[in-house]
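Listed next: structures, encoded as structure tokens.
Common to both upcoming complexes is subunit A, partnered first by subunit B, then by subunit C.
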Partner chain A sequence: MNKVAALGVIVILGIFIQMALHDSNPGKGAFPEKSSSLVADSYLTKSVSQKAPAEISPGDTKLENGAANVVTSVVVDYRGFDTLGEVTILFAVAAGIGLFLKKRPHFKPRQPGTILKTLVPLAVFFIFITGSYVFLHGHLTPGGGFPGGAMMAAGVVLLALSIRKSMRSVFFKILESLAGISFVAIGLIGLYTKGSFLQNFLGAGALGNLYSAWLVMILYFIIGIKVAAELSSVIADFDQMEEGGKQ
Partner chain B sequence: MNLTVLLYFGGFSLILTGFYGVLTGKNLIRVILALGIMEAGVNLLLVTTGFKPKAIPPIIVKSFKTLSLPNFADPLPQALVLTSIVIGFGITALSLALIVKYNEENGTIKMDEVENSEEVVE
Partner chain C sequence: MNQVILLIAIPLLVAFSMPLTGKLFPRVSKVIALLTLLFEAIWAGFILFNTKGAVSVVIGGWLPPFGINLVVDHLSGVVAFVVSIVVLFSIFFQLSSGLSKKPNFYMLSLLLVASLMGIIFTGDLFNLFVFFEIAGISAYSLIASGKNSNSSNGALGYLIPASVASVFYLVGIALIYSTLGTLNIAQIASSFSSVKPILATFIAFSLLTLVLLEFEIVPFNSWVPRAYQGAPSSISAIFSSGLALASGYVMLRLGVIVFNGGQGGFIRTGSFELGHALFGIGVITVIAGEIAALAQKDVKKMLAFSSVGQMGMVLVAFSIGTHSSIYGGIFALISHSFAKLLLFLTAGLIIMKTGKSKYTQWTGIARCSPLFGVLMLIGSLGVIGIPLFSGFWGKFAIIGSTVVLGKIGFIATTLILAASVVEGFYFFRLVHTMFETGEEKVPKVKANFAFWLISSLLVAVIVALGLRPGIIDGRLKKIPGELIGNAESGYVQAVNKQLKGSKK
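After this line comes the complex of A and B, so read on.
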């Protein structure tokens, strides 16, 4: 009976989604008529607040934004305020989990095996290098702070498994708060020097170089550290309670 | 079949599958998994709105004239989905923590088992 009702609800929802996808009114629907101007075009030609140059090529200076990877220039530069909100949600998640799962008895961890003990230092070395590569090259290649931070957190988990002392989440929470504060501080510097929150105050640099798009690079470095610390603190919180459930 | 339509259909059916799981699931972990499936469907649908056949990724590696843009994939939905994935992680993690608390209170993670043995406190 329940299942039949659920199927009915799903059919109705399906009809609604279908209608929304095939809405033919201008500006709606998933299959629009060939639209003359997309927002994305001005992101691609780097002409949101200034006139687009006639030609864009790698090595150009004096662009509005120097990130070769347009997706990261959208995430961190044009919509940086959005990303600040996203990072705040991550902070709220980490804090909420810390609140729910606090004050639990620590448990005697199982000793790690030989394979784990010998191989983890080697693996963690490469994981950290790859993670930091991904978030430092966010403005050039696919990736950025979020996947890079997740990789670093995976390394931290491996280390915790092999060393097997119960992790403390306080250290990670402090690191994360510092990263969050510096994110806001960089936004405020932009507000002070250029008149708008999170505005690029460091110049664009040459498109396609490693040392370009300074704002994107610095913010992604901060986001990478923040995400890594957050994920590690979440895992540390869950880890602490494993035995606490039974007692 | 057109690839765009196939991608839309994929996202569409993932959303509906996940929603069915949310509606009928008894085990809380399964409900969370169903939410994850639903989220994957929404992300696929969003990313597909920026899909163009034979488009190149929106990374500037060659010079181009701004009047005649090459066939770049739309970067905006990709940036939005990046946000949505992170929010999805947050939802999953926080609800798992809530399930841990639920398990401590009730000794089970199945919703119907609690309803049967419910005692009116106070």
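After this line comes the complex of A and C, so read on.
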């Protein structure tokens, strides 16, 4: 009976969606022929607060935002406040896991095999280099703090598996904390020097240079560290704890 | 006014620093968390005091609709102030009763208050989603941190529907962006009437699914009883008085400003009478909530269902969308927040000290410690809306706006009055049981100084609002004018001024 009702709800919902998307009434539809009014157009031409430049080429220094990677410029600069929120979500998850898992009393880690022992140090080296490359070049190339940080965390897990002493989350927690503090602190510096939270107070730099778009670069570095530390601490928590502990 | 961002930034900063301070000085870190909440209350009060009309504050230096903006007006100021006080009192209660020792609990409470402030002040639809996510994730963990058998169950029962609703909300955002090309609430509001009618209805449906779920409205509120019962009492109080208040606020803002274009009257999207649908589910929520509360023996569940009933009443008021009904709805929400906070904290303390969670086991408690009976009585009177207590003025204004509506107004008026009678019945049944002489000897319940401080302040607020609603009326009366019509001080106007400035 429940299943039939659920099916009915889904069918009604499907018809509703179909009708909404192919609405023949006059007005603006979901798939406009010409989407000239999207805010994203201004992000692409970097013309949010100034007139659109005729041409954007590498080395330009007069742009309102110096990140060559357009996605990054939206995520970290134009809508940086959302990213602070996303980072906070991850932080809340880590904190929640720490709240309701408890320490395992007798914990014996399984011993790693030879393959893990020999190969992991080598692999981890490359993983760390790639990870840090990804988040340090977030303003130039695809990627950024979140994927870079996740890569670093994967390296940490591999390392923990191969060394096989129980992971300690304290170090990661401190790193995570420092990264979080500096994110908000940068926002506050923007507020008190330029008058608006998370405003770029460092200048845009030359488009396409490694040292450009300072705010984006620094924030992505912080995000990378924070994501890596958070994911590692979550894994460390899972490693040491068992379900059902309330205090 | 751009200091309003501190309401979000400071709790985030302190929460981020807590893993550090929690390791170094575990005791101090909890006190710091409490001081941060105190700062929130003071700062929100300061912001409210200085609010003269709607002001838009940009973040990151990018003007809306490109950047994210925060909007401060009388409505958001009042709601933020009440929410900050609710969270401060609840967490103070929790800390002083020594229930939770882990610093993570306080960390998550700070995240919760930061996200509630974000929900209240943000002027961007996607940013609203991000803050709803933070609120949700902190709330799941906080519910699960309770110690009874229903805690993890309740958290899971909240997590699954809330996640599904989030997906709906995201779909709604995507459709709005592809249709109108913007995510700024004020800009959407001024062009929402040009969207095709069925699409507009679907967008409204998708967005409201999440909002009504947090607002505890039938049929989205299946999570309510278990989550309230499983959570620690202070968290139940924050849910009922803080999260529900903030979501009611979002409901009002989206409903009146965006979907209805600030016209006033029943909310319409395209050809669909959304207002009548909301009116209908509001009425159903009132009936379902009050009947379920009547049948409930567990005190916290009973209070939870009573919240559901009250929220249904507020939804009825908001859906009508006239000046007096919006005023009444907000007044009812605020007075409910204070009264329910008092009820939850008192009930939580009694449950903690006696270990009895059903009202039938509470026989004679008020004989030994009469002050608790009095506190429960005052909280109940505040919720029911007896004259001289705060709930009266909200219900009075709501009824005043429903009676003029003709036939459906008659139904609504009858229901709200009948609901008050039912509320009266189960609340007085509870208090009466407390004052009965029981057969077995009941231990005396003792409370610490913090509890007496909180409860006496709350009693003072409930009675003061009941005797002299004028103390907050001045600000509340301005709210409908800022939402409905195109007054110069209005919400949409404030943001649009910035838009014009950006297109020199």
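Here is the rule we use: the second predicted complex is superposed on the first by the 226 of 247 C-alpha atoms of A that agree within 3 Å, B and C clash if a C-alpha of one lies under 4 Å from a C-alpha of the other, contacts with A are read in each partner's own complex, and residues count from 1 in each chain.
As a working rule, contacts are C-beta pairs under 8 Å (C-beta built on N, C-alpha and C of every residue); 3 or more make two chains touch, one makes a residue touch a chain.
A quick note: this is a predicted structure, and the numbers were derived from the prediction, not measured.
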Partner chain(s) touched by A:A95 [first = subunit B, second = subunit C, both, neither]: second
Partner chain in contact with A:L207 - subunit B first, subunit C second, else both or neither: first
Which superposed partner A:Y43 touches (first subunit B, second subunit C, both, neither): both
Which superposed partner A:A6 touches (first subunit B, second subunit C, both, neither): first
Partner chain in contact with A:L21 - subunit B first, subunit C second, else both or neither: both
Contacts of A:G155 with subunit B and subunit C, given as first, second, both or neither: neither
Partner chain(s) touched by A:G131 [first = subunit B, second = subunit C, both, neither]: neither
Contacts of A:P142 with subunit B and subunit C, given as first, second, both or neither: first
Contacts of A:L191 with subunit B and subunit C, given as first, second, both or neither: second
Subunit B and subunit C footprints on subunit A, overlapping residues: 17, 21, 30-31, 38-40, 43, 79, 82, 86, 89, 92-93, 96-97, 100
Residues of subunit A that touch subunit C when the two form their complex: 16-17, 19-21, 23, 25-32, 35, 37-40, 42-43, 48-49, 77-82, 84-86, 88-89, 91-93, 95-100, 170, 173-174, 176-178, 180-181, 183-185, 187-188, 190-191, 194-200, 246-247
Partner subunit B, residues of subunit A touching it in the complex: 2-3, 5-7, 9-10, 13-14, 17-18, 21, 30-31, 38-41, 43-45, 47, 52-58, 68-71, 74-75, 79, 82-83, 86, 89-90, 92-93, 96-97, 100-101, 140-142, 144, 146, 207-208, 234, 237-238, 241, 245
Complex interface listing, subunit B residues touching subunit A: 4, 8, 12, 15-16, 19-20, 23-24, 45, 48-50, 57-67, 69, 72, 74-76, 78-79, 82-83, 85-87, 89-90, 93-94, 96-98, 100-101, 103-104
Subunit A partner contacts - residues on subunit C that touch it in the complex: 2, 5, 9, 12-13, 15-20, 23, 57-63, 65-68, 101-102, 104-105, 107-108, 111, 114-115, 118, 126-127, 130-131, 133-134, 137-138, 140-142, 144-147, 151-152, 175, 177-183, 191, 194-203, 205, 270, 502
